[in-house]
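Consider the two complexes below, in which subunit A is the common component and subunit B and subunit C are the respective partners.
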Partner chain A sequence: MSDNAESLTETQKDEPSTPQQPTEDSGTADEKKKIDVLLKAVGDTPIMKTKKWSVEKGRTVQSLSQFISRFLKMEANEQLFIYVNQSFSPSPDQEVGVLFECFGSDGKLVLHYCKSQAWG
Partner chain B sequence: MADDKDVLRDVWFGRIPTCFTLYQDEITEREAEPFYLLLPRVSYLTLVTDKVKKHFLKVMKAEDVEEMWFDFEGTPLKWHYPIGLLFDLHASNTALPWSITVHFKNFPERDLLHCPSNSVIEAHFMSSIKEADALKHKSQVINDMQKKDHKQLWMGLQNDKFDQFWAMNRKLMEYPTEEGGFRYIPFRIYLVNELMGIPRIHDSDEIPSKR
Partner chain C sequence: MVVGVGDGVRGTHREMSSCFLDEETFCQCCQLFLQHSHSLCDGWSWQQVKGSEEGYLRKTTLGTGRTRCNQDQQGTSSDQHQERTFSLSFHDDDDDDDGAVCCIQEESSSVVQYEYHILYSCSYQTPVLYFRASTLEGRSLCLEEVWDSVHPNYRQRLQHRPWDTITQQEHPLLGQSFFVLHPCRTEEFMKPVLKAALEEHRQVNYIVTWLSVVGPVVGLDVPLSYCTQVPEPPHTPSSSPQPPALGTKPG
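Up next, the complex of A and B:
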């Protein structure tokens, strides 16, 4: 399935949410709609300059994968593998919010990414 | 576990009688007859439909054939959902045999994952097993198994070998009481969107097991 790889929100920046969203107090609506994702590179895969991202719960793994590929300026024929718990690859159509609920810890979902199969 | 063997066998050997019909707009050299097949509920469409492909390829030219995909009443069928799940979601209220339409063109990129080979199905299957064990045993059981054990799980499914499969799967389904049992019981709940008839994964719920 193909998705548009829209940009994600970095957690470090103190930006208000996107203009289309109504203003919230203390970002409570944000906390419900977005989750924190920490991206970790495996092996000699390039490390992303920004590792912590705030991602909408409904975003799919495939969409996130496409975003990382673009961010790392990967070639079209290069593959990217995403792992949860350094053990399994989630289905590309899985929503990150669901993964967070099952496998998140310390308020974030840690995902490892690699250009080759790491924990196949 | 021994008492459940009958149930396990019934689940494993569940079959859905299916009629495959070529999509009317596909280009054929002569008329394509429908193809009938008993589909295993526990398997995946792309794993068990080689015969379907061969049947329709007999009446088509190679240049008119791209990746095969299926739809039911206009809804593309996700091959990465088990066959039994697809049937229960889409067609449980319809008469048997299940009527599936076969396509070789216009792959619906937005709805379906590509499936270029059996190794893709194997990777998806093994990832599901690992995800479940992450919840059940913090991945300890699956990680303690050797690569050949993982392979045996897959081969058992691929070749419809109940004993071969369960020789390995029982390790994943055991919950030693002295160790507190499963940490969490993995469930996947699929809800059909009543308005549009589109199924989606509502939640991969985890249920803490009783101690």
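Up next, the complex of A and C:
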């Protein structure tokens, strides 16, 4: 699923020193429809092998959460939480584009994720 | 990181205590939270219990929920946004006198009135979210309806063990029946956030972080501006319930 064109598109950047180049950078007339997201694991949550993703602005937090959960092969009793600013869990219905506008820096949105049983 | 026995113990002491919330910090976080709520007209208020120093945050709001239709809704419905999968007139013509039986298994999306309370739990040393939910006709939702109303993002986890997630309990201060989101594992999702903040010498407002995680589960939206506009409480050096470290005081 991770390589499906409909879902998150993996950016090719693995060298941290290279400046971010969103795939649509050449089209200056069109508003960029995707944003770069950097996913960071929190606590004991497994680290994703691919951390940088190009995500459509309209994608919701819930959609991203589902993607990460499947990627991590999470159990049914586990819940994934995503944080912006390392301190705030945005609504699942929130669009990542909005989060990028509020919390993006250096051309990317850093999101921390954490899995937990959460309740009980 | 070992700086010295005293500092090392103090560091551990602070790290352990930072994962939990003492009541004083709870109140401070709530007050700061409230200030922002007022500026947004977000509807929160502080309720003080008469003759006590205890209090809680309260908010009522309209949201949506999955409710089962019942004999209250005969003919026209006052829920303007209600969607039904089949016509109510079927049941109007039903000459079955048993008024309680009416498409029992069918659920629809309805407008629901929610009342949320944020209380401090001494036993868990965390905030706890209590809430009530009722239709516009004043009928309380049953537990199954509340479970069915949980946001889809959390539905799978809830369905795995619903009795561990949301149940009904007596409100500790009001004595009335409320739904409650179980707090036993609050530390699990709060600890990594608090630990990271501690390591980077920044603080978070516990209530803002906590509510942003638990609120959306039960239909409570916490606007993004809370993330950046609510300050953290003043650092409280010795408010931890842990026994004091070896004669050292942080701060």
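Simple rule for what comes next: the second predicted complex is superposed on the first by the 92 of 120 C-alpha atoms of A that agree within 3 Å, B and C clash if a C-alpha of one lies under 4 Å from a C-alpha of the other, contacts with A are read in each partner's own complex, and residues count from 1 in each chain.
What we mean here is this: a contact is a pair of C-beta atoms (placed from the backbone, for glycine too) under 8 Å apart; a residue touches a chain by one contact, two chains touch by 3 or more.
These figures come from a predicted structure and were not determined experimentally.
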| said: Under the superposition described at the top, does placing subunit B and subunit C together on subunit A give a clash or a fit? | reply: clash
| message | In the overlaid three-chain picture, which partner chain does A:Met48 touch, first (subunit B) or second (subunit C), both, or neither? | response | neither
| task | Look at A:Gln79 in the shared chain and tell me whether it touches subunit B only, subunit C only, both, or neither; answer first, second, both or neither. | result | second
| said: Contacts for A:Ala118 in the overlay, against subunit B (first) and subunit C (second): which applies, first, second, both or neither? | reply: second
| task | Tell me which of subunit B and subunit C touches more residues of subunit A. | result | C
| message | Which partner chains sit in contact with A:Leu38 here, subunit B, subunit C, both or neither? Use first/second/both/neither. | response | neither
| request: In the overlay, answer first, second, both or neither for which of subunit B and subunit C A:Ser91 touches. | output: both
| task | Would you indicate which of the stretches 2-10, 182-190 or 218-226 belonging to subunit C has clashing C-alpha atoms with subunit B? | result | 218-226
| said: Taking the stated contact definition, name every residue in subunit A that is touched by subunit B in one complex and by subunit C in the other, in rising order. | reply: 84-85, 87-94, 98-99, 102, 120
| field | Interface residues, subunit A side, partner subunit C - complex | value | 42-43, 45, 61-62, 65-66, 76-79, 81, 83-94, 98-99, 102, 112, 114, 116-120
| Which of the residues in subunit B end up touching subunit A in this complex? | 78, 80, 109-113, 123-124, 126-128, 130-131, 134-135, 139, 142-143, 201, 203-204, 206
| request: Would you mind writing out the residues of subunit A in touch with subunit B in their complex? | output: 1-2, 84-85, 87-95, 98-99, 101-103, 120
| task | Over in the complex, which subunit C residues touch subunit A? Could you list them? | result | 151-154, 156-157, 160-161, 164-166, 181-185, 188-189, 191-193, 195-197, 204, 208-209, 212-213, 216, 221-222, 224, 226-228
